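Below are two complexes that have chain A in common, paired first with chain B and then with chain C.
The block that comes next holds the complex of A and B.
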């Protein structure tokens, strides 16, 4: 078949991702992990992996199962793998988290849980990388190239993580211990910078130009941006491992990566300006307006990082830096796009079969933007406040900000569920003859 | 230049087997722009319509001993290299009864309008539409409703030209 159908399990991934986001918010409100605990403390490892694997990676994978077939106009290599992959990732994450709790003495010392979690996560991500990679490879141009580099970065991230897990259980020998001692920044940069950031950038190019009626960014321009980003990740992984192997410090490698990372963010900013300038649609939808706050957060993250390095405070405030990147840039963008993607897919699933045969609502009729926008504003304001609280070292203020973030996310998720339930569509149009209401957690494709 | 993947179903046919699933499996593995070169012990006329629905045009050549070689070419590639009117499988399509310019509509309005117009076509009639993007979500809807279509980007890549034909 030529074309793209509705991804069956994207909603299931989104639902699981949102569930983990609430776990992360609950931990932050309760003061578990950073900033109450040290950045390297087991409790912080629990928090970080709930956010990065449970929330961000699952949401990203769910979006890619739908998005990559659209990019290449071909069906997914295998839709059957999506649900087993979700099960493996969920079980793997649970095992990994239990392992961290064991490491911190909150559970008996069952350190074998860590390698078990790593094996399950490797299997789950492996299925996804092969599935999405083989699909994206059909037309490796434009945003699909970002996805491919993102998937390669995911492989590197998972490889580092697996070595750490085995090393923490004492099963990885002296080489494993060496990599564990020095490799944590490399794992974090490959995951947040390579997998999550480069993939999010690639997806955003297409979504923004699609929703704003703007021509696609020239492949050479976005190619330069990708090249800078890919080089940053390559230097991180290859240079980092070499530096560890040679017992040299990581400072030189990380400095090069920082410069390349700044260049990537600047080039991405240039591309975004081009998309916004060339747009035919003047009135922006909520998801695009909220995405701009996420881009502002990315710019803020870059500036904050540069300022901290120049003043020699980066090591002391790396937590605030990462927090802004994860919640301002990545989570903000994911929430904004989730809001739009769920509305569009729900509309297509419900009304596609009867379109042209009966009157159907517009996509915009499925959402109530005015109501949703206040929850997004609360969310972003809380994230920026939280960053500030971390910078000035006020943990109680941070927990208050986390509470406000939770309120914002509850509001946004409630809106998304209402969209999925067609709750805001007026009655005669809601279910015209032949249309079926969608299931909340999966699509009938 | 279209690249063709060879499928020789002659041994299956000689053994009295059913080659359709093998052909379809190969089709699923084709990369974008690739075509299919089929060898069969008879002229596979029923397959032509199936392949046209999947966006492939065909040209056949008789081999010795009553066997046939058929080239299935993706319609997009055929359209970009040759004028659509000369593409064999589509030459009997009538002039469009409806012409839509959906280039400046907010997504997904182009799809909505094409489906609405398609539903009003008489049997065998066609409509044409200009779009900014390849309408990937439209194709499954057209397929489910039994419509055939032919589409491709103009050489500058700025406009996607789509022709849809109602089932006759």
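The block that comes next holds the complex of A and C.
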């Protein structure tokens, strides 16, 4: 077999990620953390890390375990590391969250939970970075380069986070306190901008080309996009740490990063237009149509950020800016692609082994797009409404939007579970002789 | 006799579909060549995406399908991406049904 096989634990990562997404939505509906609390409040730290580590990072890692081998047409360095890494990340996140709750007085003052969480998360992400990094390094061309830069950004994000965790426990000395006092924007930009955004961009190039049968985007063009993004993260990390060390403030560094970030988004938009224009399949599937709404959200995030900076309101509305980036761009894209990836992997797992021996359904027979589309529309409408509520300072409106987001996500997840259960496949083709129904939470390969 | 066996193998391969495009690999133009020497069959084929996990299943599906055709002794399947597959290889009726751009 050339290249990739089915990743055994991708579904487990997706399931855990979705569980954390529901935790995040429940917190937002209940009014825990921002906007009810300050952005730096311990409750907000709980919410932010549930979203960024529990939901987005786990979903991204699950997808990468399957798609990095596809990107480089080589097998994964080690399949065996995926499950221990998931266990370490889950335990680490739980410990970190408990540490934040202790910090906010909701638990006894067990601040040692923060460094413990940091160590476990560093170990978990470390396994993933080595596994995926060594795989992507075998053929570092095209989208795989985005993944490598994304993984490097993940290392920087984890390093900042670990220093913060030790500093909050009082174990990092004066240098740790200094980095904690000034480094939070650097941690956030490296995580959201470097790890999650650059990786999502890289994977999206390949997925869009693959599912729309479009030629891969020109390497020089995507290379320019990556260069702008990588430079933004390098300036963030190196320039930011230098600025903190020299007590120079972060304004200059963040201004440069903002310009580079805008350039990256614009170049990515140019690349996407090229992929869509050159596609052979003219009819777009639901996952691609919904991904376009996440691209629109990324454009909206860039425009909103620029407008807020020009009008001098960025600091006051950084929460709305981050919310649109996290739920419109990143979560929207992840949900849209999750819908497709689960169907595709479920097909391969169930019908791949009997191909040639019995008639099989199509991947599209595993999904009911018309039924699913309304849940995506509810989700995106709620995200955009939530952003507006944050901008106009209406917390009750934001909670109502969070409820609608929850309804949308429940609908989407129900559709994904139905796909996994082959519930929409007509009975003569559903389980041909020799085929086995897939397990909900892992691949049986 | 050889031509007839090639035709029977080609017909049998229509049970193998590309899961994404939802049509059989013969009409999609994935089968580049079928050659027969005695009862030994060699099939040269392609797929839309190198590295995709579906590629391996397509290869195995073609091998097991061809092996069931009466008169076939051994089957050797070669997966190649040179030349790469293009939608121009699809049967015109199927291409229209799939909503493909005719010129690209």
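The criterion applied here is as follows: the second predicted complex is superposed on the first by the 443 of 445 C-alpha atoms of A that agree within 3 Å, B and C clash if a C-alpha of one lies under 4 Å from a C-alpha of the other, contacts with A are read in each partner's own complex, and residues count from 1 in each chain.
Keep in mind that, in the parts below, contacts are C-beta pairs under 8 Å (C-beta built on N, C-alpha and C of every residue); 3 or more make two chains touch, one makes a residue touch a chain.
Everything numeric in this text was worked out from a predicted model, so none of it was measured.
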Using the superposition on chain A, tell me whether chain B and chain C clash or fit. clash
Give one of first, second, both or neither to describe whether A:279 is in contact with chain B, with chain C, with both, or with none. second
Applying the touch criterion given at the start, work out whether A:138 contacts chain B, chain C, both or neither, answering first, second, both or neither. first
Tell me the contact category for A:86 with respect to chain B and chain C: first, second, both or neither. neither
Have a look at where A:210 lands relative to chain B and chain C in the superposition and call it first, second, both or neither. both
The chain contacting more residues of chain A, comparing chain B with chain C, is C
Taking the superposition as given, does A:325 touch the first partner, chain B, the second, chain C, both, or neither? neither
With both complexes overlaid on chain A, does A:422 touch chain B (first), chain C (second), both or neither? neither
When the complexes are fitted on the C-alpha atoms of A, one of 40-48, 58-66 or 94-102 in chain B overlaps chain C. Which is it? 94-102
On chain A, the residue positions that both chain B and chain C contact, one per complex: 1-5, 69-70, 72-74, 210-211, 213, 280-281, 344, 347-348, 352-353, 355-357, 360, 362-363
What residues of chain A sit close enough to touch chain C in their complex? 1-6, 66, 69-74, 210-211, 213, 278-283, 344-345, 347-348, 351-353, 355-360, 362-365
Provide the residue numbers of chain B that touch chain A in the complex, in ascending order. 31-32, 54-55, 104, 106-109, 111-112, 115-119, 132-141, 143-144, 158
So in the complex, the part of chain A that touches chain B is made up of which residues? 1-5, 69-70, 72-74, 138-139, 210-211, 213, 215, 280-281, 344, 347-348, 352-353, 355-357, 360, 362-363
Can you list the chain C residues touching chain A in their complex? 13, 15-17, 19-22, 48-66, 68, 79, 87, 98-101, 104
